[in-house]
Amino acid sequence: MATITVKPEPSVAGRVWPKEGVARVPYWVYLDPEIYALEQQRIFRGPTWNYVGLEAELPKSGDFKTTSIGDAPVIVTRDREGALHVLLNQCAHRGSRVCRDPYGNSMKLQCIYHQWNYDLKGNLTGVPFRGGVAAGDHKVGGMPADFSLRDHGLQKLKVEAVNGVIFASFDHNMPPFRDYLGETMWYYFERIFDGRPLRIVGYVRQKLAANWKLMFENIKDPYHASLLHVFLVSFGLFRADQKSKVEMDQTGGHSVLVSRKGDQKASQGTTDMASFKSDYTLHDPSLLAGRKEFKDENTVVMQTLFPSLIVQQQTNTLAMRQILPLGPNAFELVWDFFGYESDDQEMRKIRLRQANLMGPSGLVSVDDSEAMEMCQKGVAAEADANAFVELGGRECNNEDHMVTETAIRGFYKHYCHMLGFQPGASH
Amino acid sequence: MTDREAKWAAEDLLDRYVQCLDEERLEEWPEFFTDSASYRVMPRENVERGYELATMSCDSKGMMKDRVVAIRNASVFSRRYLRHLVTNVRITGREGECYLVQANYAVLQTLPGEETKVFNAGRYADKVLLGNGEPKFQEKIVIYDSLQIPGMLVIPV
Amino acid sequence: MATITVKPEPSVAGRVWPKEGVARVPYWVYLDPEIYALEQQRIFRGPTWNYVGLEAELPKSGDFKTTSIGDAPVIVTRDREGALHVLLNQCAHRGSRVCRDPYGNSMKLQCIYHQWNYDLKGNLTGVPFRGGVAAGDHKVGGMPADFSLRDHGLQKLKVEAVNGVIFASFDHNMPPFRDYLGETMWYYFERIFDGRPLRIVGYVRQKLAANWKLMFENIKDPYHASLLHVFLVSFGLFRADQKSKVEMDQTGGHSVLVSRKGDQKASQGTTDMASFKSDYTLHDPSLLAGRKEFKDENTVVMQTLFPSLIVQQQTNTLAMRQILPLGPNAFELVWDFFGYESDDQEMRKIRLRQANLMGPSGLVSVDDSEAMEMCQKGVAAEADANAFVELGGRECNNEDHMVTETAIRGFYKHYCHMLGFQPGASH
Amino acid sequence: MTDREAKWAAEDLLDRYVQCLDEERLEEWPEFFTDSASYRVMPRENVERGYELATMSCDSKGMMKDRVVAIRNASVFSRRYLRHLVTNVRITGREGECYLVQANYAVLQTLPGEETKVFNAGRYADKVLLGNGEPKFQEKIVIYDSLQIPGMLVIPV
Amino acid sequence: MTDREAKWAAEDLLDRYVQCLDEERLEEWPEFFTDSASYRVMPRENVERGYELATMSCDSKGMMKDRVVAIRNASVFSRRYLRHLVTNVRITGREGECYLVQANYAVLQTLPGEETKVFNAGRYADKVLLGNGEPKFQEKIVIYDSLQIPGMLVIPV
Amino acid sequence: MATITVKPEPSVAGRVWPKEGVARVPYWVYLDPEIYALEQQRIFRGPTWNYVGLEAELPKSGDFKTTSIGDAPVIVTRDREGALHVLLNQCAHRGSRVCRDPYGNSMKLQCIYHQWNYDLKGNLTGVPFRGGVAAGDHKVGGMPADFSLRDHGLQKLKVEAVNGVIFASFDHNMPPFRDYLGETMWYYFERIFDGRPLRIVGYVRQKLAANWKLMFENIKDPYHASLLHVFLVSFGLFRADQKSKVEMDQTGGHSVLVSRKGDQKASQGTTDMASFKSDYTLHDPSLLAGRKEFKDENTVVMQTLFPSLIVQQQTNTLAMRQILPLGPNAFELVWDFFGYESDDQEMRKIRLRQANLMGPSGLVSVDDSEAMEMCQKGVAAEADANAFVELGGRECNNEDHMVTETAIRGFYKHYCHMLGFQPGASH
């Protein structure tokens, strides 16, 4: 009797990943609306922890904010008991957006349309005219007898607040956040979020004409930093020839880039860095004046937490960058700049001043915004071509240098896993 | 100086200021400020919520010059045309030697191959020194409504 | 020999209606471009009567206006004999829009591109150089010998003008308008349009970021009016505890909401109406000063005529609201405010003043605009969820109270019928 | 008062008027009008075709106050930022004690999470009382080009 | 005449000029120019690259009149509403009897059934004759940022 | 044994061309995104020569410009040796747009993101940190050992510069440009481009809300010119009753319209030309003052070169009109006005003055812009209807008169051939 071996078809949404594996990224991942829809379903609404805010944004009972996970709008609330909740922003009645403000304080959530009331946990607590209206001595209309408030709450997400940072998931079977991160990533996460109360410094927001994954790649790519950013390179804030490393979790989805400020001096490496300007000086050097505040000497720690968060330390400027996809061709980037409650007056000034490096006008990040938008335009020139991602080899190992694309490969290893692609399957 | 004369002087200053920016004469930009001036571009959201974070800030004239040098030599961004419209200039008070000046503005942006769009709009809340010399900004705070910046904001507003 | 029973698959455009029937509305009906395309074909270009204007807009021979049915652009004309015509706005030659103005007067329709001329009935009357051009003593070029003007008119729609209101249909087999309405709906229609000459008060136009069906639902939903509209509720203009009814035609597609102005007083019902403000007074009460003008005491009669018209009476403010879909996510709402030729000066003022309640700045309708846009945003949060439409039961019966969604269920009953869905089919 | 002085006074009035609206100080809005004033926002289409219908109209100052109360307490709409640009103010004549003032305007709107867009544009056709007291509108007619209003027009223009 | 007075006169001229266009009184348009005037609408790109090509140009007042006749009688285009916003008017110098006047402008366009959009933006670089008679343009050069014109540019800017 | 004949199915992208052949054009060709995608692939990226610029735009070594072929962005360069190159504007590394300026001069092409350097021929010449970075006495990171610069250049197109005009093709098997044109078309091409050095007069650009093919049809359609253009007709610049002809190449894709200025007088033909205004005079006739400059008497020669170029001579105003499709519903039209280096001062003035006829404000071309946009709106009214293209018969022959749509039929003959449609196949 013959045995039939069914070879799994590695195609997803009619697409096949290049046979070279994650050393290639096909450009249709940035362009195809079907791939985008799949990402929403399998990544953002799937088994992932998604950043939704800082506890410091919601200090009091009744505080709420609205944000999104992928392109799903959610409400983050702090209830009477102080517990945090994340709820889909869709009324259980006829679907209206329930919470229409970016932030606020309220002891209940009331849908405007028919004033269904929900508590801050998302439970339906009241339906006007549920029992009908008086018509003489009886009542007419209202909900059927079998109607139960319990069946009609807002969709609740799983929530975990981790040392002041709030994460949520559509998947209620998620492991604890620390397990999701793995110990290596946890180390860097806890380095910033050690439980000290945080302080909101402020927000800036951008809309970039680029696929959301390009933002992730950008931060997982130490190669570009030494080349694109004249400012970083010239002042030694980040250079390929400095002590540094690239580390990942076991899945490859999360990663961290670690580096230290060096001198503004020429070296063997600067010959490769066309951007290096040895005579670049500032009229007012206070812009870059920083202060050691962490236990190690690292001055740049950029952590990407799959699938939508970047935790940024550049000297003393700290920020959460939240990535909100807006279709395949755009994303919103929300920068939550923060410090610690314990910051003294001087430190507050330092953080504000250094904020000039980052955000939509950042002396560094403007370059990245341009690069991402140029990638989106460029990949559209030929959607069937592939990125060539072989710097530092074709594997996804941790490295103690900057001349590698290993974390990008790691990202796509995990991305393929989640979407169902089989990178490098023989064709 | 009457308030009306102050308004004229402030308008003249603003007229020259925005046309300097629209014509990309960035090197002249710090010269619209006094030596002790500060400059700040802030999302209206932060102002309303009491957050100090600015999108762009210069605590000193040196920082303004550094910003210009960085834009010219250290920043990578595509060429674009900007066009400022400043309207409804109003003297709202005095503070020491300075006049408080408020105005509405819009910046229209034209990227290569694209239509002209409203890039940024909001108000100026300025302190203007109108002495014997040339009028200058002692403080300029740009408070923008356009919280979600399309692309990047490179050139001062 | 086995018998195979083929169970009809109740799927349309790959979609299946929820098994609960019209007590549910799946949110993809507001979002899916394929459903939208089907609606255009089967509803707007199908067997329906569509409002295109008032005779008072076209009083003279040669008057014309342009509008749309669904998203199909049409021309409405009054010909030399005074007859009305509705024509597809697409040149029979190479497809140019023939009539480019919103309104005007002309004794012919001339396409700009090659000046093909049509009469006001849509017949082709002239083709320049049809016979060619002189080349010495013969002619060259022009149309083939078998060319006939008769074969190349504009596409003509069926037209019926009903007591001053003009309807058209792509389907030439339509029954008379009165049959299409049924007698119950006809009663309310004729209540306003009894043959008295109408007078145009003016136009306002909005573009709403919502699916067109949400506009229809809104007017078929008396439940919201008592809750959402502080202004209505507080001044007793519309309240759940007033004498009222909801009636439909036999198909469920058309319906009417009828109510009477009551007092601004608290009652058993107001406990459910959080919006009620008993101490709300006007500085200038003339805004609400009205006048009885119809045979009954009803002060609110809102009639929805499937698929694109709302006839509005709110006290003395009368308007046709024409719904023009613009893709699944937007529609234009054109408000034709009207009165009667016989209105005296006072009545003209009343209508103008009360117009403050309606339109894009309406003290009442602003709330609806907000609610519809919030629904469109909300349903997109999870397209596979369903609206829960069980207020007042799960059936589609006429009711003499306001605490019911019966007319929404009726609407979707008819909608499903026209699109081919089988609501409530066992799955 | 010369026409030039009248223009300055009208400009000052308009400057204060629009910044009042942009800063959402709605309660002050009726105070820009005389006690017998009227206010009207009309689509240019209706003006051209001779129709009287307004999108928003207040026949009396009381109605203006009622409009403000309704916006604050009885209307449901999302928060938005508005920014008026008023330009090309011109004295076009006199009528009794009033000056006829015409100006072009644009209102830019920023909704949360969206880009700033031109919401409404058109012209003001005003009658302004410039007596001894503070300048006020005796009549304000806003004639807008933007016939198809995106969403809703809640705040007076 | 002081520069300030010249600025006022130039502003008045521009105010009347744009409202004439916005109100479609095209026949009056050539009358804003002296008998020997010229008019030119140029993409900023051509100005920067040294190319002489204009999008619309009138070497003489006769050509201006011809342009108006052609728009009225010989051109086929859909009706649209235009709205000019002219801001930041500045006297930049003198040349013989003329004042050099620069201003920023935006033209907002509303097509039937569409939202109001920024159609064209840029700057005016004018020579204005401010003599004893009515102020007039001796030369008007419109330099637009909006290189990619949406649809067509029919009405003078 | 039975023979089965497989009848080829003439459907492309699920669409079938009307059985009347190219005497009909189905309106979905202007609307369907799938047809648009196919056009990009089979026409613009297929075996066609596409205009990319004039040599006069790139006189010096290092000069470059960016433009597009269809919607594929390309760079045109002149290298050190003076040779021209056309390169896809997509970095071989990770896809960024390499060249971000509309024009400029540079001796290399450097991608901003990681500073990969290309020479002006598109060869990769340098990769920073290719060999890694020093880590003590060895090197870490960098490209794998088998990395070769030769494998990673920019995609190169085939280029041919023809008497000052630059064409490019994605297909490296293209025949020489002159063969592609055929001798008839070459004759007209060489009439303008005889090798004399050209002079750039300037650029104007429009974005039209119409399908790109409507621009081609417009120029292949002499019928409209006598009717739509009051200005042309009234001043005798182009009239159906003047000596003229319409010629095509063998494929039908290219064509030319040739005509001569006549008098402003009434004739037998003017009765068909409603636009004719015999009393139309200019205040300043210098606008139309021209000068004979070519060997023949032709004053209007409009040549369309498949698929994206119009060469325009209207009296002395010469321009290349480059068509850049932007999806099915829009295209950019770039007008490169030019003259000859040998133009005297007077001729320069003439060209500038006559430019008033053309471009986004052209006294003639405004009408065409309007007509094209109205066609796009009109065809959308009913996508399943067809244009009726029978003027001058149903064939695609050259004609010596203007009352014919023969060149439009010719265009669609070639279009169908390239896309795979079988026009007129029995159904």
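Per-chain residue numbering starts at 1, and chain names A, B, C, D, E and F are given in the order in which the chains are listed.
One rule holds for everything that comes next: a contact is a pair of C-beta atoms (placed from the backbone, for glycine too) under 8 Å apart; a residue touches a chain by one contact, two chains touch by 3 or more.
Because the structure is predicted, anything quoted here is derived from the model rather than measured.
Common partners of chain B and chain E, by the touch rule above, are D, F. At the interface between chain C and chain F, two copies of one sequence, fewer than half of the residue numbers in use appear on both sides, so the contact is built from largely different positions.
Put simply, the chain farthest from chain E by mean CA position is A. Seen from the C-alpha centroid of chain F, the farthest chain centroid is that of D.
The chain pair with the larger count of C-beta pairs in contact, out of A-D and B-D, is B-D. Mean C-alpha position of chain C lies 32 Å from that of chain D. Per-chain Cα centroids separate chain A from chain C by 44 Å. Contacts with at least two other chains are made by residues 76, 78, 85, 87, 106, 112-113, 115, 117-118, 147-148, 150 of chain B. Across the assembly, chain A contributes 100, 102, 112, 207, 228, 332, 367, 370-371, 374 as residues in contact with two or more other chains.
This structure has the following touching chain pairs: A-B, A-C, A-D, A-F, B-D, B-E, B-F, C-D, C-E, C-F, D-E, E-F. Partner chain E is touched in their complex by these residues of chain B: 8, 12, 14-16, 18-19, 22, 81, 83-87, 106, 108, 110, 112-118. Those residues of chain E that touch chain F in the complex are listed here as 41, 43, 45-46, 49, 51-57, 59-63, 65-67, 69-70, 73-78, 147-154. Across the complex, chain A meets chain D through its residues 100-102, 112, 207, 332. Looking at the complex, you find that chain C touches chain F at residues 72-73, 88-98, 100, 110, 112-115, 128-129, 132-135, 140-144, 147, 152, 155. The touching residues of chain E, counted against chain C in their complex, run 76, 78-79, 112-113, 115.
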